[in-house]
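Two complexes are shown next, each including chain A; its partner changes from chain B in the first to chain C in the second.
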Partner chain A sequence: MPDVIRAEKLVYSYSGNDRRSLNGFSLSVRQGEFLALLGHNGSGKSTLARHLNALLEVQQGELTVAFLNAKDPGNVWKIRERTGMVFQNPDNQFVSSVVGEDLAFGPRNFGVPEEEIPGRIRRALAAVDMSGYETHSTHLLSGGQKQRIAIAGVLASEPDILIFDEVTSMLDPEGRRDVLDTVARLHEEGKTVILISHYIEEAVGADRVALIHDGQLLAAGTPREMLTDLDLLRRTGLTPPVPVRLYYDLRSRGLQLPFCPLTCEELEDLLCRLN
Partner chain B sequence: MRQLPVGLYQPADSVIHRLSGSAKLLCMLLLLIGVVNTTTLPGYGIWVLLTALLIRLARISPGTALGSAVRLKWFFGVILFMNLCFYQPEDPWVRWWIFSPSYAGLIQGIQVVARVFLLLAMSNVLMVSTAPLVMTDAMERLLSPLRLIGVPAGLIAMILSVAIQFIPTLFEETDNIRKAQTARGARFDSPRLWDKAKAVLPLLVPVFLAAFKRADELSMAMEARGYRGDTQSRKKKYPPFQTADWLALLLCAAVAAAFVMIR
Partner chain C sequence: MPVELRKVSYTYAPGTPYAAPALKELSLTVGDGEFVGVMGRTGCGKSTLIQLIAGLAAPSDGQIFLDGENINERQFDRNLLRQKVGVVFQFPEIQLFETTVQKDVAFGLKYLDRSREQKEAAVRQALEWMGFDYEAVRNRSPLGFSGGEKRRLAIAGVLAVMPKFLILDEPLAGLDPLGRDAFLELLRKLNQGGMTIVMISHDADALAEYADRIVILKDGMLFKDGPAAQVFSDYKGLEANGTGAGQVSGIAERLRLRGWEIPAGTIRYRRLLDEIAGRWTQ
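Right, the complex of A and B next:
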């Protein structure tokens, strides 16, 4: 699979801020990949996401998104059409309080013919499991539903790449699960997914995990490689998942275990085997 | 279910819902001209009937249509009182301290209240029967002649529409912050004005900061979804007026003209 995103030595500092928010960040993402990007507060995750959607101009370094050079100003709108971005706060993403109208906003901006739009809205709502909500008011939805409508608003433009910037951090556990299920399903349907988070558990199901720290890529690899490496996680400023923490605690107390569990299911497995 | 904020679009299939947004907006302006030119009691009677008819035609409940006007009852009371006591000090019933209530003042007060009430009810019919972005397009269309003198019609329309839709969210947020600060000892319901003011001021700061943050995030989300503001390269095509639109305009123009001429 070719690299649909390629970032090389990106450097970015916001005006009025001496600190480099990105400080030589390099990363490639393959087409159809599910990448989880983890880092603590202020590590530069959102700054990177805004680059991938051409919301910020490249200051230094190289960046291609959807095989388009992001440094070419003529590519800005094409890149925004090919990449969809969902943000943290579900209340701050709607232009219309009517679901159907809001979903039509993206396609209209990108010049999709008017007669094609109802079909797109229907497909987008089906993809987030909210069919039939066209005439609902966004003000009356739960947080998780709002966030799924926000995802549908992005899907209506039919992008190949989806970027989720901490989309679950303002949701209750149920809303979080629904949104994460939707994200996983979209990946299965062939979209390239970049899930930004500081909840480490959300990265377990990803194809690959990238750790960002102080605007630099610290490491990237499979969830198992990344999330069971205590030293690496400590340097990133993240707490390991509970099963991993438990494994190391038990080991330091002298209990020999056959493998390090990553999820609760694996932990159960392990405990059953001990018995 | 939370109570639906008044003035929010409610989808339905009615004659009024089906009219084009810009026709509805123009009709509203015409009716406004008619209302402010009404000076007789029978005239107001006709307006009450017309408004009731509009509410019926739009198939919305009277509560929804009149809710925001009813909620302003204190404001109406103050207007009535001010007009009654200060409108015509030359020929009062009685004179007491600075107050000089008069017959002319009473009539004037009732007129102002009636006009504001009617306009609120009619604009509610407009808002409830028109989807937000349809309204945005309508405003943009009516403002578009101003483009010739460099007014960014599309931007103004979008800003107005987004601002209106943010009102319920901001109310909710204010309420949340108020609760949080009450829990920490702020005294919003203290009878002493000074305590009240001390409680309200720290409330305003986070509400404003939150509003700015919201605006910032929303603008980013809109850009990400391809919004280009007024420089939108593609020329927008507005749907042409249908027979019903022309008919509505004609009726409203006739009503407005009648009231202007009677006066």
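Right, the complex of A and C next:
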């Protein structure tokens, strides 16, 4: 698969701030890949995400998104149409109090013919498992539903690349599961997915995990390579998932499991095999 | 300085077709020095509860007492309420508005009867608690920080006033793991120093580790109220309610189902580790 996103040595500083939020960040993302991007607060995650949606202009370095050069001002709208972004707070993302109207906002602004819009809304709602909600009021939905409608709002513009910036942090566990299931399904359907998070457990199902620190790519690899490496996680400013922590703490007491589990289920299976 | 709710009800848009009851005859007392975790699904009435305790809305029915005084009586001194009860709302970072960090964090102290030196010391202390170097940040614009940093600045503004009773609505959402742990440790320290803490969170693992008592709301009513070890031991009940009991309780429960003798009340990481290690070496 070709690289749908290619960032090379990106540097970015917000005006009035000497600090470089991105400081030579390089990363490629393959088409159809599910990439989890992890880093602590202020590591540059959101700054990077805003570059991918052409919300921020490239100051230094090279960036292509959806095979388009992001430095060419003529590409800004094309990039925004190809990349959809969902944010943390579901309440801040609605432009209309009616679900259908909210979903129509994106395609209408991209100049999609009016007769195509109802079909797009229907498909977008089906994709997030909320068919039939066209006439519902956005403020009467639960947190997880709101976030799924926000995702549908992005899908209505039919982007190839989806960027989720800490989309689950305001949700209760059930809402979180719903949204993560939706994200996984969209990836299976062929979308390129970039999931930004610091809930390390959410990265377990990704194809690849990239760790960002001080505006630079610290490491990238499979979830198992990245999330079981204590030293690497510590340098990224993250704490290991509970099963990984248990593995190492047991080991320091002289109790060695055959390998380091990544999920609770793996841990429980390993422990039960001992008995 | 206990806070007591007596049969408190609250209905949004009463008398209209949109009338939505958020709390129904809720009775609850939070005593001095407690660390209470409040959980519940989206829409269960958690945030309404905070607004009522903070006096930002008055109950449709029932009374709320602070130190034995009804906070919704005419003669009640609201300034006292504002000084004693600090509230960290969801997304407090949107409340940052001053031109410098120093001014923003000091805003709550503006009309309090304290000397200039006392105010500066309070601002310095609050910023250091939240992990900032006072001298390095005091003259910067609060808007030039990252999302998580802004969150910590906004919380510093609440702590600068040193409320006796601190309520927090989802303060952990959006904090990274180290920031989360550091913040929870700070809350523990403030609590040990005598501050009463009521924290709303979906993070069952954090509440299991830090709160003494857990209150779970459901449809505007009490669903559970008790010591953390007892409430989180009902793993199935909490999962069925959609609140969840956290990863540690989950591992303990599933190991139990598979024949391990993990005692009820194993809700904290250290205890789980000890139990597993103990069973293993037998």
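Note that in this section the second predicted complex is superposed on the first by the 275 of 275 C-alpha atoms of A that agree within 3 Å, B and C clash if a C-alpha of one lies under 4 Å from a C-alpha of the other, contacts with A are read in each partner's own complex, and residues count from 1 in each chain.
The definition used in the following text is that contacts are C-beta pairs under 8 Å (C-beta built on N, C-alpha and C of every residue); 3 or more make two chains touch, one makes a residue touch a chain.
Source: prediction; values computed, not measured.
Undergrad: Since both structures carry chain A, what do chain B and chain C do when superposed there: clash or fit?
TA: clash
Undergrad: Contact-wise, after the overlay, does A:E81 reach chain B, chain C, both or neither (first, second, both, neither)?
TA: After superposing on A, A:E81 lies in contact with chain B but is clear of chain C.
Undergrad: Which of the two, chain B or chain C, is in touch with more residues of chain A?
TA: For chain A, the partner with the higher number of touched residues is C.
Undergrad: According to the stated criteria, A:H198 is in contact with first (chain B), second (chain C), both, or neither; which is it?
TA: second
Undergrad: Which holds for A:T228: it touches chain B only (first), chain C only (second), both, or neither?
TA: neither
Undergrad: Pick one for A:H139: touches chain B only (first), chain C only (second), both, or neither.
TA: Once the two structures are laid over each other on A, A:H139 reaches chain B alone.
Undergrad: Which partner chains sit in contact with A:N89 here, chain B, chain C, both or neither? Use first/second/both/neither.
TA: both
Undergrad: Taking the superposition as given, does A:E101 touch the first partner, chain B, the second, chain C, both, or neither?
TA: A:E101 contacts chain B only, not chain C.
Undergrad: For A:L267, select first, second, both or neither according to whether it touches chain B, chain C, the two together, or no partner.
TA: In the superposition, A:L267 touches chain C alone.
Undergrad: Superposition on A: which chain C stretch among 81-89, 135-143 or 153-161 collides with chain B?
TA: Once both complexes are placed on chain A, chain C clashes with chain B in 81-89.
Undergrad: Once the two structures are fitted together, what part of chain A is touched by chain B and by chain C alike?
TA: Common interface on chain A, chain B vs chain C: 88-89.
Undergrad: Considering the complex alone, what residue numbers of chain B touch chain A?
TA: So the residues of chain B in touch with chain A come to 1-2, 4-5, 8-9, 11, 131-134, 158, 161-162, 165, 168-169, 213-214, 217-218, 220-228, 232, 234.
Undergrad: Applying the document's contact rule, which stretches of chain C touch chain A when the two form their complex?
TA: 40-43, 90-91, 141, 144-149, 151, 170, 173-179, 181, 202, 204-205, 242-244, 247-248, 250-251, 254-255, 258-260, 269, 272-273, 276-277, 280-281
Undergrad: Quick check on the complex: what are the chain A residues that touch chain B?
TA: 50, 53, 55, 77, 80-81, 84-85, 87-89, 91-98, 101, 104-106, 109-111, 135, 137, 139-140, 153-154, 157
Undergrad: Per the contact definition, I'd like the list of chain A residues that touch chain C in the complex.
TA: 14, 16-17, 21, 39-42, 46, 88-89, 142-144, 166, 169-176, 198, 200-201, 237-239, 242-243, 245-246, 249-250, 253, 255, 264, 267-268, 271-272, 274-275
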